[in-house]
Amino acid sequence: MNRLVCSVCCGAACMLLLAGCSGWQSALDPKGPAAGELAWLIWFFTALCTVVWLLVMAVLILPLARRPAPVGDPLVLDAAAERGKMRIVVAALAATALILVGLTLLSYFANRTLAAIGSDAALTIRVTGHQWWWEVRYENDQPNRILTTANEIHIPAGEPVRLVVTSTDVIHSFWVPNLSGKLDLIPGHENVLDLKADKPGVYRGQCAEFCGAQHANMSTFIIAEPRPVFDAWLKDQLRPAAAPVSTEAQTGHDLFLKRPCVMCHKIGGTIAGGTVAPDLTHIASRRTLAAGTLAMSRGNLAAWIADPQGIKPGAHMPVVGLNGDELNAIVAYLEGLK
Amino acid sequence: MNRGLPCVLSAMLVLAACQREERDTRPQSALGSGDQPAAVTALEPGGQRPASSNNKAGVFEANAFHLSEGKRLFNWFNCSGCHANGGGGMGPALMDQKWLYGSSIESIHATIRDGRPNGMPSFRDKIPDDQIWELAAFVRALSGNAPKSAAPSRDDDMMPHPSENRLPDAATLGKSP
Amino acid sequence: MSSADLAHGRDLAPQRAAAQKGDLAPERDGPRDTGLDDASLERWLARTWQTVPGIIGALSSVDHKIVARRYLITAFVFLCLGGLSAVAMRIQLSGPERGLIGPDRYNQLFTMHGVTMMFLFAVPIVQATGIYLVPLMVGTRNIAFPRLNAFSFWIYLSGGLFAWVSFALDMAPDVGWFSYVPLSGPEFGPGKRSDVWAQMITYTEVSSLAVAVATIVTVLKQRAPGMSLDKIPLYVWAMLVTSFVIVFAMPAVMITSTFLILDRLVGTHIFNPAEGGDVLLFQHLFWFFGHPEVYIIFLPATGMVSSIIAAFARRPVFGYLGMVLSLISVGFLSFGLWVHHMFATGLPKLGASFFTASSMLIAIPNGLQIFCWLATLWDGRPIIRTPLLFVFGFFFTFVAGGLTGVMLASVPLDLQVHDTYFVTAHFHYVLIGGSVFPLLGATYFWFPKITGRMMSERLGRWHFWLAFIGFNAAFFPMHIVGLWGMPRRVYTYPVELGWGNINLFITAGAVVLFLSFVLFTINLVYSASRGAPAGDNPWNAGTLEWATSSPPPSYNFARIPVVTHSEPLWAERDTLPVATGLRVDVRELVISTVAEAYPDVREKSATPSIWPLFAALAVGATFLYSIFSPWAVVWGAGPIAITLIGWFWPKGDPEDEE
Amino acid sequence: MRKGRQVAAKTRVSAKGGNRPIAARLGWTLLAGFALMTAAVAQSLSGPAINPPAAAAPPDDGQWAMPAKNYASTRYSELAEITEDNVKNLQVAFTFSTGVNKGQEAAPLVVGNTMYIVTPFPNILYALDLTKPGAPMKWKFEPNPEPAAQGVACCDVVNRGAAFFDGRIYFNTLDGHAIAVDAATGKPVWNTHIGNINIGETITMAPLVVKGKVLVGNSGGEMGVRGWIKALDAGDGHVVWTAYNTGPDAEVLIGPDFKPHYDMDKGKDLGVTSWPPDAWKIGGGNVWGWISYDPDLNLIFHGTGNPGPWNPDLRPGDNKWTAGIFARDPDTGAAKWFYQWTPHDLHDYDGINEQVLLDMTWQGKPRKVLVRPERNGYVYLLDRTTGEVLSAVPFGPVNSSKGVDLKTGRLIVNPDKKTGTGKVVRDICPTASGLKDWQPSAFSPKTGLLYIPHNNMCMDEEGVEVNYIAGTPYVGMNVRMIPGPGGNRGAFTAWDVAAAKPAWSLKENFPVWSGAVATAGNVVFYGTMEGWFKAVSARTGELLWQFKTSSGIIGQPITYRGPDGHQYVAVLSGVGGWAGAIVSGDLDPRDATAALGFVNVMKDLKDVTTPGGTLYVFRLP
Amino acid sequence: MKQRPAADLSKLPTFGIGPRSPTWWGTLAFMALEGTGFALAAGAYLYLAYLSPEWPLGVPPPNHWPGTIVTLLLLASVVPNHILNRYAEACAMVPVRIGLIVMTLLGIAPLVVRWFEFPALNIYWDTNAYGSMLWVLLGLHTTHLITDVGDTLVLTVLMFTRHGYSGRRFGDVGDNVFYWDFVVATWIPIYLLIYWMPRLD
């Protein structure tokens, strides 16, 4: 019995040690000050809770080790022993209260630390949740430098960034565990999330509030880059879409504007001006398709356009019924939109 | 008794609800391409008109999911720009019982797909056929022609008109709002 | 206690005057139990209190034990359905990008799992246990308002069927058990799925509320003479506090679901942000119910734990007063921390910190309970039998769950783990650990009382270890995968995230847990027919339910016990003091005063009636129709009124007339 | 219920602490209508003379050759046969059915002995012989425009009139053609296709012919059309120059001569940089209203329409050069100055209203000014040589802005009424249709008053997502209009230009969607949407005569001297336009957002009038 | 287990009135849960009012006269209600019958006012959230009025039958009196919220 309990405890401890291993999208592998603060908090709470738990278990199990004594009269209680126990219980209660006060203060101060992260954020990004993708708008005082993109958020590494998050349909939640805790995107409300990535890198995030059929496939990537790389990226993204370079791509361009694609998507520099679906102006420069569902590749593009409902059932991208040549042409065009 | 109640209930619901709740996101196989244009007038020479040969479109009309998709697309594809939320504007009202080009879902489908000369643009190739059917079903729902139990209720936007469930009851209350 | 005490101040002078004027029918009298020998007393009582044989009789029964048994079995069936849906989900999640179940069906599955476990299993089963045990423990012959009690069962049954029939018809709710707007609202929740959720919730909560009222009145007014407030068994205290929590919490969810159906059905704008509504209002209202809900499920379990621990530690639970106060304060505090479910909604920081503090605060009364139990066990020399094993399992898991609860109460920490598998793990630790394990222990503990037979100890131990290992294998890793970033309610996850192996492990654990329940079912069925006969008091426990036979007769007690101690059977080893003077030809029971439990009135308990069933049918049909049309309320009002009049109209029974 | 809302709107506008300046102005407006009436009249009669520049408003010849009467857009006739005293005797001389039952917004033209009327789509041009009894048809010209154009015409398929120049009638068709027709024979001379209906371009405006050039602009601010104004050679119809109202300076024809008065309009390529990337290409700024011309300065003045889409969240920035006014050289189109009435327009405040050119003394100095009752609710007085704002005073209830900062020229927007995606902002006054829409006012130099037909409504607005799909509406706004404070949805206000305050104001149940005409007989004519054609005293506003026509009036009345030497008054009756779309388009009043929200406030119009299309001509017996 | 008689209950009365009867406690519990419902609905009303820049939304406050009349009627009805209670406690049949008829009429009177008030309200439930909450609050209370009047009506009929000559029935009358007090008591805050809170500014 005791051994079993021990081995369960050991197993649990081992698993916790392993916890740091899966780093991508893990709260335990912080890459920014907010997540760092929180990871510390998690470990501290966990350690403290483990100690408390072990103590309680010890008190529970130790009497079992004693030899069962003959059962006495259930109602005859030793008054002195009762008083002694009462003292112990009261002491334990006081200790509990003390720990709780400590933890409350700890979370209060952690909260203050988190609030201070973005106080000097130079970059404001507006993230709007849609079923089931993220619209990302880089705010700028000069309107023609406002950039709208989707699903992938580039940020300068080492700088605080302010995200203003909201939604136009249902409630979503923005969560990139490596960088920060989550915050809900709520229709009719605007929430502010400040985050900072210490080092360049790609951090995966995912919608954390159930938002319908494709809640599972609503991911995002935060790509932290050194400031110059970021600036270059921003500048590059502000260009209108690349012109098609091959005849096939040209055909694809024409088809794109003639077929249902044009009804929902935007490609800068063409008449395609949809806003209800992700902006495709530089789609080929992104890492993934369909809010992190598929890696960006020619094959995946074709697969996605040919049968989005097979890949992401319930998503708002319809099956449009293109023949093979049309599909290839459109893929060729989109592939060129770096 | 304990067994009877669920049986009756389920039988009732099976009849009433099954298809209404189905969420087929790839329904295209259910219909042909809709190439057979529907007659838009009730007037036909030579006596009685033949019964409609293809009633598959009813699948869309009685299905809550398709109706709600139709409602979403109605806004996404700017139908609401001309027809408002059914009351009309640049385009005619859709929530009344006046149909310029036929009230059948096939006629509405044809209207959306091929356009009409007095301003209705043609969305052939621009909207996948399934979605046109969904739109057509929703347009019919606007004037109360779809089962109300499957029809969408109010929007989460500005209230454009009294809720669907209120419309027929305005008379009961003695006045319109 | 002497007869003189009892008669003191109990006279009804004005009424006697009225009776003389003829405004009151003359008081009828019948045979009393005073002079009857045991055999003829039991014959009289059996005839008076019996449930009439035959189908109409069965449907009319108002015996709290029969209703409770139905409740228990129904809840167990829903547990199995909820469990099966969980296993189905776990199989889908056992590996990355599995295609077994599509998102549409998966979303219905987890919603049905949550709805079933919360509304159709957890609350009903703790209430059902209360319906069975509370009248026995307080020493009365039936629950207060027995017809209301029967009505609530029919409501509950039809509400549950309603949910699962709609699941079979592909119209089950698919927006999670808390059904947030706007996802469940008119625009984003097409079809009748959310309507089913809304009406089914309103509907089943009617039954919970009815049972809560009956329980409260039973405890306050029908206690055996002498069972003053300080002698009430802890389990009964727990049920009393739970019932109060229900009375104040359930209206919140009924209001929420009613607002939702109004929004969906008649186009109100309560949750429409564009027209002055607010989507967070839904969350505030829902969690105002939702958090107390956890304690509604957990508090009765603490009562069960107290009963089991007292019986096996062979002494009353240490710190009775502290236990009662902690129950009451948990009941109060549970209303003050709903916001900790909403930390990620971007609430003002200071307010959130306040709710951190209040959420942490509730750990103190809970801690007090734990310490008292530990002190009790420390003092005793417990013999390890299956019920106690489950209590140990309860300690092991619930303390862990409580501690992760402390983590969730911290605003910043919650922002990382909210809506992830960490939370899933936490509340399964709290709910399964804190409620299901005690319930299982309670099943082993009280099964002999209900059936008259012992459950198999060997199968019981197997069951415990399978359940314990399966449970921890299934849910402990969820903490980790949650911290690794896995959100809850995903129907699939990509390979690259490396959650595959751990999820496979979780699924294996879930299967083991499920198998343990198969074993449990076998044990139940086997023991009910072949178990060793139990006798009146197999555990030699101290509370009143063990004073009568196993299973108890329809009238519970041949004579109403007079209570002198919080563990009456331990205090009165040989002979039980009883009260006499009740009529045996009608369903008479003792109404006592609230605090001191002085016997006050001999009141008649309601006779069996078919009308509660009819009323439930009328209400059920109204609710069903109301999913489709608001006019249901108008059309349904007539039948409901008729059935209610039928229910309350006196039929000439002595029980009605006096 | 509606009555309740009116009262509510009123109390809110006037009682809210935050809106005190507006409330004060509103108080002025209301007070002035009653208490100060006599004083104002007296002052205007005795005050310094205000006259249109003589070159822009030559002495009256009894004809009516352009909708605004003259280049100064005074809509004032020196004919004085009909006076305050005898106007009550007016009777119908003849009527004429246009055969088109859509909104009749056009002004009839009278040149020589012929009257010309252009109908709404299908834009038939009729010539009526005034010399014969009953004015029989002389000829008609049917341009047969593309029927599909009706589908991209926001707010009814109206046409605001033709223009006569040098023996030809110039007019535009809905489907984007500018056409010249021989005035004598009705034979087409040229036909230039300048608008593409497939991207939503239509033409509804009346052209103005200046120095041998036909000035035409496009409509389609609700369709994501990029606004422009073109000058076509009057002789052969070729495009002489095109000036866009968004985009790079080169295309806006902004060159070295461009000298805006305010800093906010200075900078390179503001038509691009004040928009999010690409948005200017679909950004509106159309020219569908009125153009005035000052021969002395050799400048044309034209407003620019609203930026598109309506939802302002989709176009952060000032959105140059929309919702403003350009002064351009008519020969080259080169911009001279620009002033933006409503930078980053939030509420569809198109800037296309008429501008009346006047010469007057302002604060002791003689100034060449331009008076403009603007859609955003202010009567602006601009120095037309520089674009400097001399004054801007609201002429009705306004809470969407708190005034105009005369230093920077910027409209001070009320942040409480700022619309955006997903939130309904209630009781914004004025509405999208403005305190005053296209309906042109008239100026009488005799009284010094500007007669403004206008609206009095408020609205609720909610921005919504919208896709740009070429050839479909690009609005992104749910609108629901309600009657303004007082409950009267329209008013006819006489504005004392010198004092910059109202002289008197008449309440009308429906928006006054018709134009006005003032005469030297001190009579002012306008029509109502119920169908009343009214004559009121130019000095006091007293109702002198009214006649009920067959349909609601939204046309522009004119007055002319007939071949018999007598004074006639003519107006087209036929309800429609944006305000009357509920009737002309048979819209469903149950949908509050129908016709971009106008239907909600016009639910009862169907009960009082039906579609029509009839010309009424009146004279004294 | 053996039993020894320890108390004799035979002299106890067979019915109790007021807090002595379980029905009274059941009624109290139902009042508690319904009161919670009222409180939450009122809370939702206040919550939305707090969030809104203006309240009521887009309409003037509702005409308070129907509400004031109902308030006066309800307050006035408390007097006969308690007189009825005294007679019920004394088990006096004739005055109780009269009192019940009076209370039925006094219950119907506010419903008549409501019948005219609903269609004449300043706003419909599906106009905006203010309208929704207004109808919800008023509807909630009207539902209570209707059910209580129904209850009173049935009880009145019952008291005219032979079943009326029973202590329990008089107890029921007492509980009905008790519940009517609740219906009146819940109305007062709702009355203030609906008619006077919007006029506070």
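We just call them A, B, C, D and E in the order they show up, numbering each chain from 1.
One rule holds in what follows: a residue touches a chain if its C-beta (ideal position, glycine included) is under 8 Å from a C-beta of that chain, and two chains touch if they have at least 3 such contacts.
Quick caveat: nothing in here was measured; it's all calculated off a predicted structure.
Listing every chain that touches chain A and chain C alike gives B, D.
Hopping across touching chains, the smallest step count from chain A to chain E is 2. Here A-D and C-E were compared by C-beta pairs in contact; the pair with more is C-E.
The chain with its C-alpha centre at the largest distance from the centre of chain D is C. Chain B and chain E, compared by their mean Cα positions, are separated by 45 Å. Between the CA-based centres of chain C and chain D the separation comes to 71 Å, rounded to the whole angstrom. Averaging C-alpha coordinates per chain places the centre of chain A 39 Å away from that of chain B. In chain A, the positions touching at least two other chains are 169, 187-188, 213, 262-264, 276, 313-314. In chain C, 104, 182, 187-188, 263, 266-267, 269, 272-276, 278 are the positions where the chain touches two or more neighbouring chains simultaneously. For chain D, residues touching at least two other chains, in rising order: 1, 422-424, 460, 462, 465-467, 469.
Pairs of chains in mutual contact: A-B, A-C, A-D, B-C, B-D, B-E, C-D, C-E, D-E. Chain C makes touch with chain A in their complex at residues 102-104, 107, 175-176, 180, 182-183, 187-188, 273-274, 278-280, 314-316, 318-319, 322, 344-346, 349, 352-353, 356-357, 360-361, 363-364, 367-368, 370-372, 374-375, 377-384, 392, 395-396, 399-400, 403-404, 406-407, 409-420, 472, 476-477, 480, 483-485, 487-494, 496-499, 542, 565, 567, 570-571. The residues of chain D lying in touch with chain A in their complex are 199, 224, 272-279, 282, 314-318, 421-423, 465-470. Contacts from chain C toward chain D in the complex involve residues 273-276. Chain E makes touch with chain D in their complex at residues 53-54, 57-60, 122-124. For chain C in complex with chain B, the residues that touch the partner chain are 55, 59, 104, 157-158, 161-162, 165-166, 168-171, 182, 185-188, 190-193, 263-267, 269, 272-275, 613, 617, 624, 628-630.
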